[in-house]
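In what follows, subunit A forms one complex with subunit B and a second complex with subunit C.
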Partner chain A sequence: MEKQLIRDFEKSFENSNLDSKKINFKKEFLNKFIKEGLPGKNLENWKYSDLSKIIKTEIGDLSFYNNISPPNKIDSSMYLSGFEHNSIVFINGRAEKIDLQFEEKDKVKISEDFELEKTSSNINSLVNLNNAFTEKNFVLTVKENYSFKKPLVIYHYTNKKIKSQNLNLRLNFELEKNTSLKLIDILDDFSEKNFINTFYNFKLNQDAILKNYKVDIKNNSNIKYSFTNIEQDKNSLSETFILSSGSAFNKNEINCNLNGNYSSAFVNGILSLNKKKHHEIRTSVNHLTESTKSYQLIKSVLENNARAVYQGKIFVSSDAQKTDGYQLSKAILLEDTTEFNAKPELEIYADDVKCSHGSASGSLNENSIFYIMSRGLNYKEAKELLINGFLLDVINKITDEEIKNLIKSMIGLKE
Partner chain B sequence: MLKINNLKAKVGEKSILNDFSLDIKPGEVHAIMGPNGSGKSTLSNILSGKKGYDVSGEIKFEGIDLFSLETEERAHKGIFLAFQYPLEIPGVNTNIFLKTSLNAIRKARGEKELDALEFLKLVKQKSKELKFDEEKLNRQLNVGFSGGEKKKNEILQMSILNPKLSILDETDSGLDIDALKTVAQGVNALRKKNNSFLIITHYQRLLDYIKPDHVHVLMNGKITKSGGPELALELEKKGYEGLN
Partner chain C sequence: MKTESSQNSREKEIEKLKKYKYGFSTDIENTKAPKGLNEEVIRFISNIKKEPKWLLDWRLKAYQRLKVLKEPNWQKPKYPKINYQDLYYYSAPKSFKEKPKSLDELDPKLLETYKKLGIPLQEQKRLNNIAVDAVFDSVSVATTFKDKLTEKGIIFCSISEAIQKHPELVKKYLGSVIPLTDHFFATLNSAVFTDGSFVYVPPGVRCPMELSTYFRINASDTGQFERTLIIADKGSYVSYLEGCTAPMRDENQLHAANVELIALDDAEIKYSTVQNWYPGDKDGKGGIYNFVTKRGLCKGINSKISWTQVETGSAITWKYPSCILKGDNSIGEFYSIAITNNHQKADTGTKMIHLGKNTKSKIISKGISAGFSDMTYRGLVDISKKADNSRNYTQCDSLLMGNKCGAHTVPYITNKNSGSNLAHEATTSKISEEQLHYCQQRGLNSEEAVGLIVNGFCKEVLQQLPMEFAVEAQKLVGISLEGSVG
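Up next is the complex of A and B:
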């Protein structure tokens, strides 16, 4: 892999207009990645999902050079219909179209150049890979006191014209004081057997509100990793919702730092998996100051050799008195061939805190199925009804009604 | 309407029902009384098609072999079981469940499904008749219902589905005296239309309000004694041990 990495790195930046300082800086990340390699189960973080092995068996050797200069045609059928929204379209990693038609032009700033140095510490090897290869760093800034009028949908679209097996994408968002943004990520894949590595960085200043909905429901053979970092100042709120279902493998990692008093973070998610899919949600919510709050609810429905993993950590520093932290995960295993691993972790260094966590898994209750069938519904309908009921309370955690209904219809959930 | 011949049921090695026979004619009300663990709920479950029992013998419902029908097909044909312990179904709205259930049955029978408005009218009328608090219908099915409310909800479902044969498995247990009377009203209203009932109870009290045509004593998996309503009174006095 080393030779390929160096070759592809050189190819990627030979005609680039980045200055040599930046390229050298990127090279450092490349070298770090070369040293550490793809993560495997020798690392605690990856013990339930051996990415290095999964990539080896599902894809084989990776290539990294992705020529994003030629434009792609946008297939308008990819857009969500019946739902007014702004959009950014990425096709095979290339920003194809940015359309913020519902917003005031001077209230939103998009720039492509970003001081890499500022935000890239040594998080993990995949973030290093990302930092090495991402040519452009998108930064979207919401200006003080401005609330987005309509949601922003980011379409992450891939097709068979993709040039490399590895795709890296880096997105940064800065929400200035007293702003709000609803962001929906739609993963829409027509490519096969690619490793897609995304890095999100959110900075929420005082009183900012971020609602981020990550939707992966299209069946595809890609392997995905996404790292989301959220920094939160005083009285800011982040709501992250993950609908994880379509890809062969997907690991969503959320790191949230509650740096300001009265800031709060919500992470809710559904892992609905079949056909050997293997998805993981790993969270790390760090309560770093007084009076902060976090809430996490993750539910999984598994069938046909699928595997779901939830590693959820709540960290409470010694300064973080009056922390309120809650975490619960539940799984329904529809078949014996499925597996659910939960690793809840509480690390608490303050004494005046309210924290709880719990995890439960089991099969569908046959008595409940019998009860429903005795009222005229067949086995399949009874099962669906129970699963819908099981998932409904996570869906109801979505605080935006319009988006809640959108997501309900996406997964065919009836009330 | 329902004809059971030499029904045997086992779970694993344990024999629960043994040479059980019963014949219920249209419009008849049969009561079954029997000690705890005698097999009453097992009988109800088997009639509704619950899996997990080894069964032999014969059950015919309107001439059809019941064993050939799945649970939901039995519901479509008009068999209803009011559960001894109704299940809580989180995340499923009671009203919507009732509508889904009714329409599934109507559809299977080739009848027109009810639209939201027609259903609302029906459910309002039935709730009123049974003094069932309509507000509860907007809650999740049986979740947070009291024991008595769950039982009343079963009877509401029965009235809405209008079954030919209703099996009431200890519906009276846990009901207050007023609720008992309204439940009896619900049963008697359906009975007028030539529907049949199998009423499982421990108490003769319910039978003051629903006059049974036949009373049977179930012990050790079979009917040991049958008679008219007076048998229930005798049982109340003497207990199962005192019967000969």
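Up next is the complex of A and C:
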């Protein structure tokens, strides 16, 4: 893999307009990645999802060179209909179109910032890979006291042109004081057997509100990894919702640093899996100062050889008195071929805190099924109704009504 | 109202208890194996214990394996590197070259030591019906109540004696739960283990008394590597207690024991530990490294193994008493209180591995940390594909005192069976001002109030201990936290 990496790296940057200093800087990340390699189960964080093995068996040899110069045609059918929104379209990892038609031009800035990579040098090997190969490092800044009027939808579209390829994508967001942004990520894949590595970095200043909804429901054979880093200042709020269902493998990692007093973080997720899919959500919420709050709710429904993993961690530093942390994961295993792994972790160094976690997994309650059937529904309907209710619990945590309804209709959940 | 004198005597008592009361050492001449770890030392140990050849081979095999194993390093408490060549692997009071036939022949100094510890070796001064096997450094000193047990066919003796007298049982079960190749410390133990207890309860026998072992590390630079093997044959029941102390020394001492339990059909084993090794002084100097492997196998159907532990001592405690629930309908239980104060560190918990159908497990863990200490609960619940209709319930609660200490919970949960149910809960809290105020209002001082609240917090686990131990443990819980409030 090493030779391939070096060759692809050189090919990627031979015609680029980056100066040699920057390329050398990127090369450092490449060398780091070569040294560490793809993560495997010898690492604690990858204990339940051996990525290096999965890529080897599902994809085989990866190519890291991604030719992003020729533009792709945008198919208008991929847009969400009946829903007013701003959009950014990525096709095969290339930024095709940025459309912020509902927003005031001078309140939103899109720029490139090279220096940002320095701040993310020691996270993990996949972020290093990302930093090595992403040519453009976009920053979207929301100016002080401005709230996005309509949600921003980022379409991650892939088509059949790519195969056995590694795509790297990095986006940065800065929310200045007293701003708000609703962000929806739609993963829409027509390609097969690629490894897609995404890195999001959010900086929330005082009183900023971020709502991020990640939707992966289209069946595809790609392998995905996404790392989201959220830095939160005083009184800021972040809400992350993950709907993880479509890809063959998907691991979402959320790292959230609550740096300012009264900041709060919410992470909710659904893992609804079938057909040998293997998805993971790993969260790490770090309470670093006084009076911060976090809440996590993850629910999984598994059938047909599927495997779900939840690794959640609440860290409370010794300065973070009056922390309120909560974490709950529940899983329903519909068949014996499925597997659920959980590692809900608490690491606490302060005494005046309220922290708890719970985890439960098991089958559907036969008594409940019997109850519903005695009301005239058949077995299948009863089961669906129960699963529906089980998942609705998480959907109802979505604080934006419009998006809540959108997501409900996407997965066909009824109230 | 308290009288002044009782208050005074209480204060004196506290003063006395604040110091580690088992911190004395006994001046006894020792026979030691040469320092270091090598084949010669293993042969020396095997030879001095007059072991059969198969056991020596077994030890050497473990030693070969040990050479390629690495020390694990995933645990939370880190410790300075241990120089395994700088330890004595065998130490015995000199008067033991020929094992004394009866208590009268014992070195009076030894008897005195055990008297100081409060362990009744002389049967007439017995505690209510507890048979004791006392292990001093590397050898078993005395086993009491032998006759009464023999009547029932129960074998309770030191493992060295069992190797001589019941080799077929030892050969059959030794290493059957913790294999030679398990992990670094278990393998180290297999290579150099010196003594420990052996219990065999024949089919259908309910052991009429509590069996107990008392471990004591006395000599300096010694590691204690004891090995305990308990076998409960079909339909039998046994309750076993274990207590530990060590003298105060500035250097750290290693204790790497292996405990194997085997429960056959319908058998039940209850294993209780009150661990009070020397925890080091208040600046974290000295103390025991307690790296113990304890594992029980519910081999037969309807078998049950229950672990109860009160961990208050040791500089570093690192152990996970586990249950392998192989037989259908078998039950595993784990009740734990771990208290860390000053600079103590503990990384403890359990593993429940469900293999059989209708297996059940229950985990109740209470962690209390104070001072600069660090407490981690780490546990695994694994339900395999074939373990239909299995149940697990886990509850781990932590209590923090002050913001210089840490409390962590790291549960690993794996469920591969859709007909099984798992539930896990954990909370972290502190003693609230209201609770303290309420107790103080009723005339308790702040330390008594904390003691009362902590005892309430631990009640679920303390209830599981046999009576005599429960009282002791309750006191111990109070003492361990002495000076942590205020």
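Please note the rule applied: the second predicted complex is superposed on the first by the 409 of 415 C-alpha atoms of A that agree within 3 Å, B and C clash if a C-alpha of one lies under 4 Å from a C-alpha of the other, contacts with A are read in each partner's own complex, and residues count from 1 in each chain.
As a convention for this text, contacts are C-beta pairs under 8 Å (C-beta built on N, C-alpha and C of every residue); 3 or more make two chains touch, one makes a residue touch a chain.
Given the structure is predicted, the values throughout are model-derived calculations rather than measurements.
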First, second, both or neither for A:Thr338, with subunit B first and subunit C second: second
Touching partner for A:Val108 - first (subunit B), second (subunit C), both, neither: neither
Which of subunit B and subunit C A:Ser356 touches, first, second, both or neither: second
First (subunit B), second (subunit C), both or neither touched by A:Arg375: first
First (subunit B), second (subunit C), both or neither touched by A:Phe390: first
Partner chain in contact with A:Cys256 - subunit B first, subunit C second, else both or neither: neither
Partner chain(s) touched by A:Ile348 [first = subunit B, second = subunit C, both, neither]: second
In the superposition, subunit B vs subunit C on subunit A residues touched: C
Set intersection of subunit A contacts, subunit C complex versus subunit B complex: none
Contact set on subunit A toward subunit B in their complex: 365-368, 370-379, 381, 385-386, 388-393, 414-415
Residues of subunit B that touch subunit A when the two form their complex: 45, 48-52, 70-72, 74-76, 80-81, 83, 86-87, 89-93, 96-97, 100-102, 104-105, 108, 140, 157, 161
Residues of subunit C that touch subunit A when the two form their complex: 74, 385, 398, 400-430
Interfacial residue positions of subunit A with respect to subunit C in the complex: 44, 318, 321, 331, 333-336, 338-363
